[in-house]
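Chain IDs A, B and C follow the sequence of writing; residue 1 opens each chain.
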Amino acid sequence: MEKISEHFNMIYPGVKVAVQGGGSSAGIQATFTKTCDIGMSSRNLKPEEKQLKEFLIALDGIAVIVNRLNPVRNLTPDQIRMIFMGEISNWRVLGGPDKKIYPVTREEGSGTRGAFEDMVMHKQAISDACLVQDSNGAVREIVANSPDAIGFISAGLIDERVRAVALDSELPTYENIVAGRYLIVRPFLLLTRDEPSGPIREFINYVLSIDGQTILRKVGLIPALDIKNER
Amino acid sequence: MKDKFAERLLLFIAFSAILSLLLITFFIFQQGIPLIFKVGLKNFLSFHWAPTQGQFGILSMVMGSLMVTLGALCVGIPLGLSCAIFLAEFSSKPVQSILKPVIELLAGIPSVVYGFIGIVVLVPLIRNLFGGSGFSVLGAGIILGIMILPTIVSISYDSIKSVPAAYRDGSFALGATRWQTILMVVLPSARSGIIAGIILGMGRAIGETMAVIMISGNALRVPHSLLDSVRTITSTIALELSYSTGDHRAALFACGSVLFIIIVILNFIAIRITRRD
Amino acid sequence: MIRIGPRTSQAIAYVMLLTLTVIAVSILVFIIGFIFKNGFAELSWNFLTQKTTEMGKEGGILPSIIGTLIITILAILIATPFGVGTATYLSEYTKTGPVRRVISFGADCLAGVPSIIFGLFGFIFFVITMRLGWCILSGALTLAVMILPTIIRTSEEAIKAVPKSYREISYSLGGGKLDTILKVVLPTAIPGILTGIILGMGRAVGETAATIFTTGASLNMPTSLFSSSRTLAVHFYILAREGISLPKAYGTATVLIIMILLINFIAYRLMHRFMARYY
């Protein structure tokens, strides 16, 4: 978002864009109370929040990752759920070595965790024996350095030290997400209280324009533009 | 005339410390305590922490904090006291004048650096030697123990040094060896200072955040073994504060309140012990 | 039971103590050595003077260096008047009594408050309630409260160490209390006071928990007191735990540690010179 505001400022020098941090719930709340002009959310709005105006700017795949040396390459959503519930605790069960599984999750309140809980855990609680880190990068670091760890991060953050597990044989690639074949996907939304106008409208338009969408693609997100074109 | 005015002004300024303390106490409690009443003690004093689902039990974190602090003391006290005794009683002036400042200088190393070394050196070591993920009570205890080392060394050293020479001389006159003197005369006299130092070290360990987040793994379950991951009160606050809203955020302030009370009690005990002399 | 004579148990004790001391000191030296060994390679003019790009993967650490310096210096500017004032009051105007006990208690307690509590306080008080937002000012104010006890303690020692005779001479020459303090006591105590200020600086520079929740973590070059910024310690923390760039992390840590060692070393020399004058 900061990259986008940088570029936005170059085109519209008169407008000041200040980006504040916080999670999806914080962003949604801030939009309701008009503490901010535009709120951001990385989850779908709940029914009681639907009165806000929403603009889909991108999709983000959530990848389940394992260490590069881990032989397990394919898992079903059920297996992943049971791993994070603590029901499956040894890699042996999944065709891997006889080692204990160390799942890593994000912290309570994280949008990534919320999306994972919605789409994979389905009301089952993530085990309280899981390791916890407070950023995608930190989760990736642990999985990259621990041979028996497994975690979930934003698909755009995968690098060569971790491997994404295929979900029912579909990897979280750009193509698979756009085509709707990879299913753990969360929306990035811009939210406003009322119909946007003036500089707010211009900002939203910019994010949805080819320029803005290109920036989003560069950071690993799937721009809304690409989805529209596909479907 | 000018003097009177100056005295009044300075009196006013002098209350800045206590005023800040009151401000801190007020704001943290004001955010946190209402939540405890809202969810009830039964919820707050349970082992289940899942704030996004209305569960605000802090006990597993309190246990976690206690466990890593205990681990820190197990590492810090033997190492720290040994250093202090060795420096004060068995080493020569030049050695003292080099080592003591070195240890104190090392008290200035930021906690994130300790945490980083923990991740890079200690975690893989524990994983390969003992098993588990490496992110463990053991790791956190060791790093915290090293972090509170300078505190324990400094205060114990000062206490030992301030035991009057007459006490030692009397003991030597009776034919005791140096070590016997230390054990039976010096340490008992320096006892309250040493204990105060240990309590202050304890306070530092319980309040430590960054290093613990990096090496303890932050799992919420109460650890069954030294190799299990653990969650402390401080870690929870730091991990969840940025994304928290409403009740969740208030609950973190409630955690802060609990931590604050524990630390104030510890400091109070330490101050009382030192003031007694 | 084998009887161990006193000479033997002393020898055993000596060896044990020596071993543990050597272990302790080696650990501490290892930590610094490890960081320096991996970090020196990264230190270059570019590293120190360029802006941070690619979330820290490329570029240098100039914004963090500047941010850290501004926050720390501002914190000192805010804390010193209050700290020295409190110390002056404690040593010149009260002996015993409830007022003194309350003030001392406040300072001692404040000294023991952990940095995450300062982070929470700074966040709710400066960032939210006073609406300052995540910025350098919020961070500086929070750090000022944090280093207040350090300055109070050291300044009090320094002022107490000024020999009584100095004050007496001033009084006998007709100086009032305020004059004496301002023209004789404080100037004499300056090296000691400076030591406290510098020690406070050392503490502030290494702070992470207190600054991350008050000054934020922006990588932009700070343009005003209301800009968000990322201190060296915070930058190091983020680089290290996110695995963004291990070499740059080491480099940042090296700069940070060198800064702290320098600060503490200067304080130490000052303190020695001061002590030598009066003891």
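Just so we're on the same page, a residue touches a chain if its C-beta (ideal position, glycine included) is under 8 Å from a C-beta of that chain, and two chains touch if they have at least 3 such contacts.
Keep in mind that this is a model prediction, so the values were computed, not measured.
Chemist: If each protein chain is taken as a node and each touching pair as an edge, is the resulting graph a line, ring, star, complete or other?
Modeler: Topology of the interface graph: complete, with all chain pairs in contact.
Chemist: Which pair wins on C-beta contacts, A-B or B-C?
Modeler: Most contacts of the two pairs: B-C.
Chemist: From the C-alpha centres, identify the chain that is farthest from chain B.
Modeler: When every chain centre is compared against chain B, the largest gap points to A.
Chemist: How many Å are there between the centre of chain A and the centre of chain C, using C-alpha atoms for each centre?
Modeler: About 39 Å, centre to centre.
Chemist: I'd like to verify one number: the distance from the centre of chain A to the centre of chain B, where each centre is the average of its C-alpha atoms, in whole angstrom.
Modeler: That gives a centre separation of 37 Å.
Chemist: What is the distance, in whole Å, between the centres of chain B and chain C, each centre taken as the mean of its C-alpha atoms?
Modeler: Once rounded, the distance between the two centres reads 17 Å.
Chemist: Of all the residues in chain C, which ones touch at least 2 other chains?
Modeler: 241
Chemist: Which chain A residues reach two or more other chains?
Modeler: As it turns out, chain A has residues touching two or more other chains at 21, 133.
Chemist: What are the residue numbers in chain B that touch two or more other chains?
Modeler: 238, 242
Chemist: Which bits of chain C are touching chain A when the two form their complex?
Modeler: 133-134, 216, 218, 241-244
Chemist: Can you list the residues on chain A that touch chain B in the complex?
Modeler: 21-23, 25-26, 29, 102, 107-111, 114, 125, 127-134, 142, 145-146, 148-149
Chemist: State the interface residues of chain A toward chain C in the complex, per the touch definition above.
Modeler: Against chain C, chain A makes touches at 2, 20-21, 133, 135-138, 140-141, 144, 161.
Chemist: Could you pull out which chain B residues touch chain A in their complex?
Modeler: 48-52, 60, 124, 127, 133-135, 213, 217-221, 228-229, 231, 238-240, 242-246, 248
Chemist: Touching chain C in the complex: which residues of chain B?
Modeler: 2-3, 6-7, 9-11, 13-21, 23-24, 27-28, 31, 78-80, 82-83, 85-87, 90, 99, 101-106, 108-117, 119, 121, 146, 149, 153, 176-180, 182, 200, 203-204, 206-210, 214, 234, 237-238, 241-242, 252-253, 256, 259-260, 263-264, 266-268, 270-271
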